[in-house]
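As structure tokens, the structure follows; a few thoughts come after it.
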Amino acid sequence: MMLVSLVVLSSLLIPLTGNKYALYLSTKIWILVLYAIAFNVLFGYSGLLSFGHALFFSGSAYTLAILVTRLNFPLALGFVCGIVISALFSIAVGVLSLRHREIHFAMVTLAFSMLFWGIVMKWRDVTGGEDGITGVPRGLPLFWFYYFSLAVVVLSSYFIYRFVKSDLGLILEGIRENETRVQFSGHSILKYRLYAMLVSGTFTGVSGALWALLDRTVTPTISHWTFSAVPVIVTLIGGPQNFLGPAVSTLIYVIVQDIITKYTLYWQFIFGVAILAVVLFFRGGVMGIVENYIDSLMKGGR
Amino acid sequence: MPPEEMGRRDFLKYTAALGVGLVIGGGIGYTLRKPEVQVVPEKKPVVEEEKLKETIKIGHIAIFSGPFGTYGELQKRGSQLAMEEINASGGILGSKVEIVYRDSAAKSAEAVKQVRSLVENEGCDFIIGIDSSGVVLGVAEVMPEVNKLLFVTHAATHRLTEELVYKKGIKEVFRLAVPVYQDGIMAAFIAAQLPATKWAAVHPDYEYGYASWELFQKTLSKLRPDVEFVAEAWAKIGTTDFSPYISSIMEKKPEGIHTVEWGVDLFTFVRQAKQMGLFDAVKYEGGYAWINPMGYSIDAMEALKNEYPEGCWVSGRYVWMYPDTALNRKFVKAHLDRWGHYPAYSGETSYTAVYLIKRLIELTHSLDVDTHIKTLENMVIYSPAGARLIRKEDHQAIYEVPYGQIKHDPNYPIPVLENLKAVPAQEYYRHPPFEEMPPFTELYKKVMSKA
Amino acid sequence: MRIFETQNLSRYFDGVKAVDGVSLSFESERITALIGPNGAGKTTFINLCTGLLKPNSGRIFYNNNDITNLPPHKRVLMGISRTFQISNIFPGLTVSQNIKIPLLSGGKGALDELDRLISMFGFEKKADLLASELSHGDQRLLEIAMSLATKPKILFLDEPTAGINPAEKHKILDVIESLKEDEKLTIVIVEHDMDVVFRIAERIVVMNRGKILADGSPDEIRDDEKVREVYLKGVEI
Amino acid sequence: MELQAIAFQLIIGLATAMLYWIVSSGLTFTFGVTRILNFAHGAFYMLGAYFTLTFFEVLHNYVVALFLGALCVGLVGALCERTLISQIYHLPIHFQLVLTFGLILIFEDLVRMVWGSVPKMISAQFVGSIPLFGKTLPMFSLYIILAGIAIALLMYLMLSKTYWGLQIRAITSNPEMAMCCGLNPTFLYATAFMFGAFLAGLGGGLTLPISSAAPGMGENIIIYAFIVTVIGGLGSIKGAFISALIIGAVESLGALFVPWLAIALPYIALSAVLLLKPEGIFGEA
């Protein structure tokens, strides 16, 4: 907890350094941190691998962009509507997909999100097709938007933290560990999974809405399945069983990618090798390594 | 300046006429504000004064990975060549030029991030490049925020210049490449001269395909009220088997095909269309009523070689044999010597972008964005692709690129173009909001009377 | 009083009749043992009773309510609980979390039970260990504790002492006997170990090939010729 | 629309279907045996095209180049299995997705390093056409259809007529039992993965004459292979064949009747099937 407050406090200072790129990149990291944490409610805590979170992300981003640029909604209302749409999407997808497990669940969510991608590509009058929607107002200069995003992300993460550490979260962990036993503990699996889906989808929507405001543009890339793969990889690098794992690895993911792309156009190769290394040698994820390290320190100290 | 149809031997004469035409502002109903003609790559003695900056940094963003990684490669050949030439001859006012290449991965968000990284972290003074329309629209939005100039060398969406630059006033964006006018409007001018009356489309299933086809239909039905549009096929990007699309099109018995397929999909499509007899179906005595605006891209020519049937109407955003000027010949030779390939259209635009930046700095002795914008507006630049007028209103470089028919010439490693046809550029760069012009039919008569 | 009843219950797997027309009823506060050779259909029968499987035909009644089509968690909420042949716990969670999850289904106030259950099973010092770190016997006890946490009226135990050393076995049996006395539970136990069966059961039901072969008090079963033939043959009683 | 046109469109669609079948056959086979969902299957497909291209440039014999190319991909696959995939058999499914995703990135850039980023073609093969329903069916469609059937036959023979196939079927239906019977799972998993990669390479090589070799070419097709595999039921070879036929027909009739919807059709089909039968047509729940 101390570590978290330290990070949050020090990140309050980033805008004051005056480096605009650092400001932009760290805003983006915050948004992706929320995306990963929200995704991990479903994956790390309920054991459900969604391959369609881009649906909730882009659902909210597109709703915001469409309402604000085409129907002249006030920005705040657009923001809220975007999140509400994500919540509705997550309930709908949840109802239709939660009967499925493992790879089938992944495939069903993939199918729905790609269906949405198809709609985005085809409903050009509204979504702008491949070109997407540009000129979404941000309402704030980047400097203040950074603080706004930071506040939203920290509050959302805190809510998610409280959620997964609540009794509800415990039951979700139970579902991940042993579905049958949860059933025979008198709980409806579907109901709790739906809760998890709702929380996960809604906060993914929050991050999507922030994303639309940061780049002021939405394009179909964020509804494509490759964008759904981002939190999966990030979560795995960080370690899904730790609340902060996805957050830490998002930081690493974005910064490492940023550095690699700076030095070589063959960045995919290096990135691929890094991913292999994580899967083969650091399966507990980054946080797993940190925990082991702390453990060994404490044992050594005794 | 009268519109005319071009043969290769008329190049010199025509180009001279074009240059003069642009200078005196001879366009119909369109006045040019006394532009200066700038010979961009002319050698200048190194100016003995304080350097503006140790190195002038240019960020070049293009697609370098995935199925369309070629497009970054082709652009890089142009901009790197320009950089090497400039540095070899003393740089820009004594400053070296450095180009930083970054991969957009064809994603808007990634490109936006790279723009910021290049400007705010690497200290780049200019951004050039950008391939696809979705990406360019996203990038354009951030240019005022990072307060640097963007020279678009590939992406073609007309929405960029019409909506973002003209209507919304994003003045930091300039485009050196032809927009989809070339693919839709100009294609319709060519189509109007062909006997075919039933046209069909095979397009990639995304924005560029829709926009080109819409412009084509709109323009062609004005030019030739007798034509019909009988079928359309939308193939997803990365289609391996085009036969269902080809046969569904052939079912409607078209006499002409308009296709803006490009890259890998174009190779596949042409190869399969040939074997399914789609070319035979649209044959007329002068060739094939087959219009492929980006058909003369270098990757297509190098991959397809003799497989692209002779007599198809193709174009690009620049074709290396046009115009036949000393400058263009020099560029093509330098490109061939350096890379062993003919320059691609995006190679030319990237090359020109770097030289334009050089000239701009030499003219203004400054790196001030507003000064640059003022200088660029209504400037005429003389580049390998011929004279380009940068239209003040929408920052679109107006120049003309001909269509020609594919010809297999044993003297060249790739097919060449013959029977080149060009319409004076300023006459077809006219889509709302730039419509103040005589009716299409008038214009069409002029084109025809010269044909 | 009859608390639980099945009528003509059948379940087939790929044409094999695992449970074939079984009609049984259980009196409240009695311990019934279900025995039979491997593949007799005992576990399948329990799975049908608790809702893990759906029957192909037949009906199930609990307190005279038809529960044939209810999902497992609804049956649990009505008071039907169970353990599994292979310990079925949450290995990655702590002991107290393991017990907490079933307690949570009991609504507000149910959590007060947590400490009582922990001390009842002697888990005071192990409450914060991961369940996977417990010994095999403790894991079985934990599972019983978890099934008790839902406040059942009837408890199905599937081989609670299988693969456990004698010392721990007796501990488990003591717990089971005390459940009947203190908690007023109806218990149905599947067991292979005849010592266990004859020690605790008040009634024994013998199954063979999906059907009921015999049903009676331990003494009656001991003397039943058919049973001796198929099942107890060679076993010294 | 006349019936002949629809029939012809269906025949054309059969070629598309066989293309999807060729790509998904190896994917579903590998999954059936090893329970590994190989995202990098598309990368193997791409490698197949490039290897075939290179062999063709040297040997000028397409058929030989095709087999050598596919064989090389098989070896690459076996190498990957031994060094990487074998490390994660016991791990949950998401490790496979991420590991094989890493492989895609690596192979993609390797191809760009070795062959360059400009797409390459070989000279046209199987030129010509045959008359059918008053139209002309191109030879390459016929060739793809025959190749698809040949692969189906090859798989059938390998699995039902060889000792290896018997072992593979044994280990697929009951891994524990198979190991008790003394089968060598290491060898079987490695060869199964190799065979899957071989089929992917064969797919890439087979499409070379009608298309081209390009970096990222696998990216486009792999998602369709996934759709086909999931609709058919993961691990079901028969299912992949049938669902490839369905998707081929849907796409080809879609091109004729609802061209504007083309891009979304496979996803509509996928959603519909998954809602009705989540485990796929021939899948096991």
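A, B, C and D label the chains in the order they appear, each numbered from 1.
Throughout what follows, a contact is a pair of C-beta atoms (placed from the backbone, for glycine too) under 8 Å apart; a residue touches a chain by one contact, two chains touch by 3 or more.
None of the values given here were measured: they were computed from a predicted structure.
Counting hops only between chains that touch, chain C reaches chain D in a minimum of 2.
Remark: among chain pairs A-C and A-D, A-D carries the greater number of C-beta contacts.
Among the other chains, the CA centroid farthest from that of chain D is the one of C. Work out the mean CA point of chain A and of chain C, and you get 43 Å between them.
Separating the centre of chain A from that of chain D, both taken as means of CA atoms, is a distance of 32 Å.
The distance from the centre of chain B to the centre of chain C, with each centre set as the mean of the Cα atoms, comes to 78 Å.
Chain A and chain B, compared by their mean Cα positions, are separated by 39 Å.
Looking at chain A, residues 121, 268 sit in touch with two or more other chains.
Not a single residue in chain C touches at least two other chains. Shown for chain D are the residues that touch two or more other chains, namely 108-109, 112, 260, 263.
Here, these are the chain pairs in contact: A-B, A-C, A-D, B-D. The touching residues of chain C, counted against chain A in their complex, run 50, 52, 71-73, 76-77, 81-82, 84, 88-93, 97, 100-102, 104-106, 146-147, 149-150. Only residues 37, 84, 87-88, 91, 93-95, 97-99, 101-106, 108-110, 112-113, 223, 226-227, 230, 234, 260-261, 263-264, 267-268, 270-271, 274-275, 278-279 of chain D touch chain A when the two sit together in their complex. Those residues of chain B whose C-beta lies close enough to touch chain D in the complex are 64-70, 72-73, 205, 231-241, 243-245, 247-248, 250-251, 263-264, 267-268, 271-272, 274-277, 299, 302-304, 307. For chain D in complex with chain B, the touching residues are 1, 5, 8-9, 12-13, 15-16, 19, 108-109, 112, 116-121, 124, 127-129, 135-136, 138-141, 144, 207, 210-212, 214-217, 219-221, 251-252, 255-256, 259-260, 262-263.
Contact residues of chain A toward chain D in the complex are 43, 49, 96, 99-100, 102-104, 106-108, 110-112, 114-115, 117-119, 121-122, 225, 229, 232-233, 236, 266, 268-269, 271-276, 278-280, 283.
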